[in-house]
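Two complexes, one shared chain (chain A), two partners (chain B, chain C).
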Partner chain A sequence: TLEACCSRAWTSCFNSTSIMAVEFEGGVVIGADSRTTTGAYIANRVTDKLTPIHERIFCCRSGSAADTQAIADAVTYQLGFHSIELDEAPLVQTAASLFREMCYRYREELMAGIIVAGWDPRRGGQVYTVPVGGMMTRQPVSVGGSGSSYIYGYVDSNYRAGMSKEECLKFTAEALTLAMERDGSSGGVVRLAVVSEQGVERQVILGNQLPKFSTV
Partner chain B sequence: MATVSVCQYHSGGFSFENCKRNALLEADINKLGFSSPAARKTGTTICGVVYKDGVVLGADTRATEGMVVADKNCSKIHYISPNIYCCGAGTAADTEMTTQIISSNLELHSLSTGRLPRVTTANRMLKQMLFRYQGYIGAALVLGGVDCNGPHLYSIYPHGSTDKLPYVTMGSGSLAAMAVFEDRYRPNMEEEEAKRLVRDAIAAGIFNDLGSGSNIDLCVITKGKVDYLRPHDMANKKGVRTGSYRYKHGTTGVLTKAVTPLNLEVVEESVQTMDTS
Partner chain C sequence: MSSIGTGYDLSASTFSPDGRVFQVEYAMKAVENSRSLFCVFGVTEYAVAGLLADARSLSEVSREEASNFRSNYGHDIPLKHLADRVAMYVHAYTLYSAVRPFGCSFILGSYDEDDGPQLYMVDPSGISHGYWGCAIGKAKQAAKTEIEKLQMKEMTCRELVKEVAKIIYIVHDEVKDKAFELELSWVGEGNYWILYSTSITTFLWTSF
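Moving on to the complex of A and B:
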């Protein structure tokens, strides 16, 4: 039986996660698995780890669920305020900087690995990664979470610059499927989103519809 | 660990200065052979389900202090606002106080906005408070209610993370209850079916988890109406003794009888008047 109040038992953690973001001409494709665990129990098997920060800016959350939800709520507020002051759409880099500011300042207290991705009129589709510790860097493709270790090879060998939106979607879905296959603590469904000038398109790939790789 | 908190003045939050003193006291008590009292926990099964017209919340009624049942019929479904109720698992005092604080703040907020409070507002307030205390407030909650946007159900963890789902379970009996939900949940159930489902989920927790027991409380929240069914099902009624074990006078034979009068003399007599004004 789960002992209520054991601090370890109640930490809702996304550390068991696979998240990914890819830039393409005209926007970004982001994806995540859907598992949240408290210890060995899956607390939520349909989690949505792709959180909207602004109309065309999203973040993929990995690490402690409580920490990333609190950070995302705080950044959403700050960015919304900033956007109203500016009277224009905020830059993805601004959102990423706000995340970096919080994750670096409170690095000892937090456990949060975040990928910020979106589209803005100035620089188009962008992906910024803010891993544990609070570094921020822009990358054309970024993976995160415990499941990411298993797909670095796949991503490095299969990524090509200049892929189309459909190719990026297929690439992301396949990479996350492979990660979920091998990482015991990632699983559930694959949630995908495309963020572009036209807006946001979201889709879900259920367990039985995931791409199949080996028959062994 | 290079934290910038060495010379910062502690304003608010918990003060851990008494921990050393408590450790010394506990050592002293243990030397005398006693044990210090433990915090009362609700080893619990709580759950909630969204159905066609609203939300059904359920809870067992056992509160435990270690391995002893401290309260056989405690109420774990707390009032937040006329349209929002919250089940609490974890430390009993924490769930009680946290829900009361948020209920109070939500009533003031509702008077300020002039509107019926929304479940998402209660969720925000609870998660922000629990995150502020970094998990030291051991309150795991199932928050449910109906507002202008329909029925909503949230699960809230002690560290401040929340999940918005159609069915949730919490507490030590949550795995047993979740098994029932995963088997029989359907979207848009009727009220009777939803009540039966929640009742069965709590019953699974009561009969398969040592930390949960006694009766099943239900709370059915719909638009404009709340049915607080306490108890909804007395799953563990105390049995009635079918025979008497009293022995008749004279069953044990008396062999000898000796009476020794104690001669006591009055040493001191003092009168204390009671203040009855």
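Moving on to the complex of A and C:
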């Protein structure tokens, strides 16, 4: 369990997290909440859990903040080197493989659930999930973090293949809002990003602007 | 156009006054005086001309490169990158007097869905280039002339296999060269094949 392997007093964890990524024609939409906790204290209420790995490749981080930051830094270095060697934009699959290699090799020491998402010229928008334990698989839509448990039903029933960018943004924002509503350890703002051939567009939906759902 | 590099040709770490590295040039001559060999790995194939022992060692190197890449990055190595890595390796052996350059040239070919068919050649000096068609070995000039007559981009693999075999037969010198065996190999969508001499004759006769 999380409590067993990190000392509550000293470790910042994102396990209190809701992260999500969706593929669409031409790119991906990624989103995350913004809460980092050490135990019951919210260490950072405006965290940015969407981390750039390369120009058009991002990762959504959940689990131990320290572990995921260290892994992301290492992969960013490796991918940058690889891209320069190849003289080409790196594939999203390569980034995901690098994450997987590290997360699997050091699975006993790490607590990291990562979603890798981005756009490359060969295969377009792609989402790969690398949960704790270090498996890697591509999915059209993926959710992660503690808050994700509450939205599997919502995602399964509302996802349709072939949604547009705007529909994906709305879908992601609503799903994350629902997760943040129910998961005590997720909250704050919703950070969204669209990664496509044109580049990266980021946005923030503040607490009072989040979609409203009836909670009767 | 051969010249004797007396005194300047004893090691690869020496330039001649006219800026040539004779050891590398001698290595390229080794390529001309030899026969070809095929090695196959995965969906990349290579043809080699030159010293067979050098060729085998180099093909082992390229297998390792491809395997390491796959293991680190999770997908098959792009051919351009493999050719660059092999070329870098070959080039390293042209820098020092403690070793001699590789006496073989390498042609690498592959097919993958993203890049389509690709062809690269590495020579003993460590240069690698991409090609639509290329030839190495003793009769390479004659073979290149024949290749230039082909409209490769408009032909299928099937047609090119026949053309390649024809060219080998055309450039083979009945007088100077001994009886030869033709080994043919091709890579295309989905798989690769190797054809040995006895089957070739049947294959060619039935196709013509």
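As a convention for this text, the second predicted complex is superposed on the first by the 207 of 216 C-alpha atoms of A that agree within 3 Å, B and C clash if a C-alpha of one lies under 4 Å from a C-alpha of the other, contacts with A are read in each partner's own complex, and residues count from 1 in each chain.
The working rule: a contact is a pair of C-beta atoms (placed from the backbone, for glycine too) under 8 Å apart; a residue touches a chain by one contact, two chains touch by 3 or more.
Just so you know, these numbers come straight off a predicted model, no measurement behind them.
**Q** Mind working out whether A:A70 is in touch with chain B, chain C, both or neither, as first, second, both or neither?
**A** first
**Q** After the superposition on A, what does A:T47 contact: first (chain B), second (chain C), both or neither?
**A** first
**Q** Considering only the touch criterion stated at the top, classify A:T38 as touching first (chain B), second (chain C), both, or neither.
**A** first
**Q** Looking at chain A, does chain C or chain B touch more of its residues?
**A** In the superposed model, B touches more residues of chain A.
**Q** Contact-wise, after the overlay, does A:E101 reach chain B, chain C, both or neither (first, second, both, neither)?
**A** Second partner only.
**Q** Answer with first, second, both or neither: which of chain B and chain C does A:V132 touch in the superposed model?
**A** Neither partner.
**Q** Which parts of chain A are in contact with chain B and also with chain C?
**A** none
**Q** Could you please specify the touching residues of chain A with respect to chain B in the complex?
**A** Within the complex, chain A touches chain B at residues 1-5, 7, 10-12, 36, 38, 41, 43-44, 46-47, 64-66, 69-70, 73, 108-109.
**Q** For the complex, give me every residue of chain A touching chain C.
**A** Within the complex, chain A touches chain C at residues 82, 85-86, 88, 91, 93-94, 96-98, 100-101, 122, 136.
**Q** Residue numbers of chain B touching chain A in their complex, please.
**A** 1-3, 41-44, 89-91, 124, 127-128, 130-131, 134-135, 138, 140, 155, 157-163, 165, 171-175, 209-211
**Q** Under the stated contact criterion, what part of chain C meets chain A in this complex?
**A** Of all residues in chain C, those touching chain A are 72-75, 78, 81, 114.
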